[in-house]
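We just call them A, B, C, D and E in the order they show up, numbering each chain from 1.
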């Protein structure tokens, strides 16, 4: 039996997403290998990591080389939707396995779905639905959107709008801002004068953190309007600081301080991180996704090189791990698990360096993610 | 013949004032190309000395070497008995040597006034602005125009004018009459004569021999990076034939 | 109408960052003929120095001293760069300076990313400048008001220093023909080093000013640098007043675009640049290239 | 006097002979790549960038025009080829043609706008134009924004060559590269190239000799832009995607770097530079976060000690033109 | 009339922000003559040249060349009509050899300048003519020297050779002798004399012996205006010319 597996952790190692994926994702992959205990069972597992620099062509070149030269079997992480989709094609062509944790685009399990792909942690559909629904239900029935002016932002806004309206809310306006805007004051003034109860931030990364910070400065949150960040990571909150971020609502599928298991894992993880940071949900997704992959390999008993077969096996097994709990992988590759609505703590409530979130609600996986009936994945038509 | 001339030149020179500049075995290179092959000459305080020579003989290079703006030099240059071959050009300038380059070096980003006021005063005794305008009335009219918008001749005037302000007592003028109208050349002649009277020492490079003869005390002839001859103004008539041969007139 | 006033004011605030940054860039370009690609990285360093000075883990002495200390620290760092590297490029094509500083920017940013990650560090607004004023048509955070006033003062002081003093004339002349200026008795290398320090210090100052508004991030400058280049070009390369005015004006124009046609607000600066260069080949107030 | 005529010829002839020997050598080495175990995709990618850098070098090295927006030709051709191949399902040869044609048109327009500007302003106006284009492509529907056009079919060239076979693709790319390279070489050493050089040296004088210099610069710009577009079209087959990376200003910057590292104004420099930079990106990728630091350090070292670029230094050492 | 005068200007004026560098100049240059333009520094001679060759746009006035109004033409087009200039600050292609410098000019005239697909060896057919021209100005030994390495005076000579290569009908020489040694001055003077049989020459020169020996007619400019016109012998006696240009002590 062939029991050699090679894992490629492909991430942004130095750019915008390096903190939420990057070296931490590689570490998560290593921990997954160690925790799987497969080595003791005669498996030989190697990890290599690469930096796609947020460029699709570098990403595909690395992926291709990994398959052709390094004989990689599975690629994990890959934040940045553009790169993620590009790599998706290569993996399909090479019949590898793709466990994406870092990318937000729900295309990976819709129009561009592939039999080789599992999309683990989150996607735009989920973000829009959980946050939107929860806030409208809590009384936030008028919305104003600050949207990053590209496909990702548009998708988030569109999906959230649908949810808001479906729940009886109203969108009173919105403004599209260019990607990587350093200053949001103009847009925030417009949001302010709209008098909407909720200002939905359909953007990501530095754009989101800057909006939040500047909203505080212009007294928007003090004035009674609430911010809803549709995509936000633990590291972002760290960057903004609790003083400014407090009260913010958003959704994640993993937080280090959920239960004993997550705390235990996070403690081990943080001890190995250079800055002592606990895992982000993306890094947690890399870990959990790989653990599930290893389970599938064990079930297959060997010969891990036929990607479609391995992924089929993964889909056939329910998922369960310490970090995301119970769930399943749908035929389109979408992993379904709980999503959590959080609120950022006040500085006075925070007791430890990374103690940032208060849990305010849980959305079961089948309500959070795209229902199969709505999925545009060609795999489902068979 | 040339060798004796070199040997004799300093001896003859030592008559007027003290010896202010002493150049010995000066060699200079532009990158790889060896331009000066051992220049020897002296200048005495209060004299006007003219370097003559054909195009490309190395006259400009000699002046630049003294000023310290040639990459590679060897030999000895003593100014007021101080060795300056290793000094940086800003130090040399502050010792009282001023240089007016043949390409004029007018600054395009400065207006005429700024160009004129640019070189810092290194000691008292320079010309005042009024005196300068008296010499070069054109400049006064064009004070606020951009330096390089001046006509060729006006630029030459400006280049000379600005070093007269600094108070440096040792002036090196590289072809100061190039491109100037005869009237202005005459004026420059008068200026040089006056400067000399006021105690300035002047080292001149000239192609315009006729002009040089009206101001110079002594001449050196440069050829192929060497001084091949030297004589005083008094000996000029006697040396005219030789000179014509040197310069190919 | 009220909204418009608000947008104009907000634009002016942003403009003051553009102005400060492009001012430093213009000083360096105008005087050293170097297109300082490291400007963004040095701006970032200014913000980081401010962060160190504020943060409890480090020095904890606060915002106000940082306004002076950060530019000095970063300025000295810049002077070391100039002395050890940039100096060797005098007289070469622009391209080499641009590339060298580009490399330096990569190094500086990379090192900071290694130690501080890429998502950024929080920096609180100093207590004295917290809060805001209600101007009727908008809520103006006091800190932003301070930024406009302060940077305007710094800009004008720099302009005066460079354009209206003898020092400025030396600098401009030395750009054109350093050898000759040196032969007039001016220690050009030292002057150039100091100038670079000044330009870099201005960048650092902008960094300190922006720390409380933006995230203190290793890449905070990298994102901005191209726009700042554009400002310098529109103003006319090397023209001090040109970049100050263009900086403020661009802020306002960008603000208005954000209001009327937000999709174009990233593009407007480049449209402007193309238009200006088509009409005035050397920028608004530029001298020949 | 006739003796002199005979003297003058051998100088250029010798240079040309040297260059041809090196060219044949390089071409043979490249043709041997598939037999060496070197990863062909890496070489193909490098070849595309090498062609781009050569096209760029034509403009800066021989025309004295530093374009800071050459990525726009690469990216535009890439997008158009990709769109033609994927959406219109055109065969590869027409796909390439579509990309090249797009770059050609774009270079006429942008060239017309920018060519009259001098020095740094020329660079900046090209930068501005490429940034404009970048933002247009970011939002245009057919480019699919930040996702890019993915999964482009490679198809059969002329209905015969199956481009999905790496070896076939490799030789097609190689032939494309060599053809482009030879064309550039010829342009440099043509009567037109001579005029271009003289314009670079002293434009005012060229005008006074009766040259309408703008037209020459424009032609150079168009040639360079179109060839850069050709590189972009070839790249589509290699990468099988077209993305915003290729139109971003940092790509324009990278081209400048490649050319510089290899040797500005040398014939082989851009090729070497492209290989060095691409190799660096590939092999440093495993150094994670330090990658930018290492890259930066290499540029600094290059500029400080290797200013002529790799090829430039070698040529200088042997006192040859390469 | 157009036959007699190759170049004529009427009311030619150039104003720089209130300063009249050239004012109301009427100039007539007779075909086949050597016409000298002299005047004190800043009189507007170079500006005049710039106007005639279209490097500057006149504020007012008209320029007729071979009877045709060229006031609105572009500089390259004027050059193509055979009106070619040299520059006051020497203008060569520094990194091209002397031979290549001249060839660039020959090439323009004989087409093929846009041929990017042909080998430059087609240019070798110009070598012979280029060497001839270099020989004429005494530069044969410099044929393979890059212009940047040539002494100043030689560069001026090279510039003239390049200009001649265009086979112009009329040449405008701005201080062709400036910075040259006596030897070269004599050579170039002889050259100008020789070529003047074929071409019309308008030149600016401060070297009076050259002006006196070469020119058929002289126009004196001061402060942008024509002060006097005539032969050297007449002008040198003219008190106004003496005062403005020649200087008091002039014999």
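In this section, a contact is a pair of C-beta atoms (placed from the backbone, for glycine too) under 8 Å apart; a residue touches a chain by one contact, two chains touch by 3 or more.
As the structure is a prediction and not an experimental result, all values here were calculated from the model.
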Between subunit C and subunit E, the fewest steps along chains that touch one another: 2
Assembly fragments, subunit D aside and the remaining chains unmoved: one piece
Label of the chain whose CA centroid is most distant from the centroid of subunit D: B
Where subunit A and subunit D are represented by their mean Cα positions, the distance between them in whole Å: 38
Geometric centre distance via CA averages, subunit B-subunit A, whole Å: 76
Residue list for subunit E, restricted to those that touch at least two other chains: none
Residues of subunit C touching at least two other chains: 110, 113, 263, 266-267, 288
Contacts with two or more other chains, residues of subunit D listed in rising order: 135, 139, 289, 291-292
Touching chain combinations (by label order): A-C, A-D, B-C, B-E, C-D, D-E
Touching residues (chain side subunit C, partner subunit D) in the complex: 35, 85, 88-89, 92, 94-96, 99-100, 102-111, 113-114, 226, 229-230, 233, 237, 263, 266-267, 270-271, 273-274, 277-278, 281-283, 286, 288-289
Residues of subunit E that touch subunit D when the two form their complex: 53, 55, 74-77, 79-80, 84-87, 91-96, 99-101, 103-105, 107-109, 112-124, 127-128, 131-132, 135, 140, 143-144, 162-163, 166
Subunit D residues within the subunit A interface of the complex: 39, 41-42, 45, 135, 138-139, 144-148, 150-151, 235, 239-241, 243-246, 281-282, 285-289, 291-292
Touch list for subunit E against partner subunit B, complex: 16, 19, 38-47, 88-89, 151-154, 175, 178-184, 206, 208, 243-250
Sites on subunit A touched by subunit C in the complex: 14-20, 149, 175-183, 185-187, 189-190, 192-193, 205-206, 209-210, 213-214, 217-219, 233, 235-236, 238-241, 243-244, 275
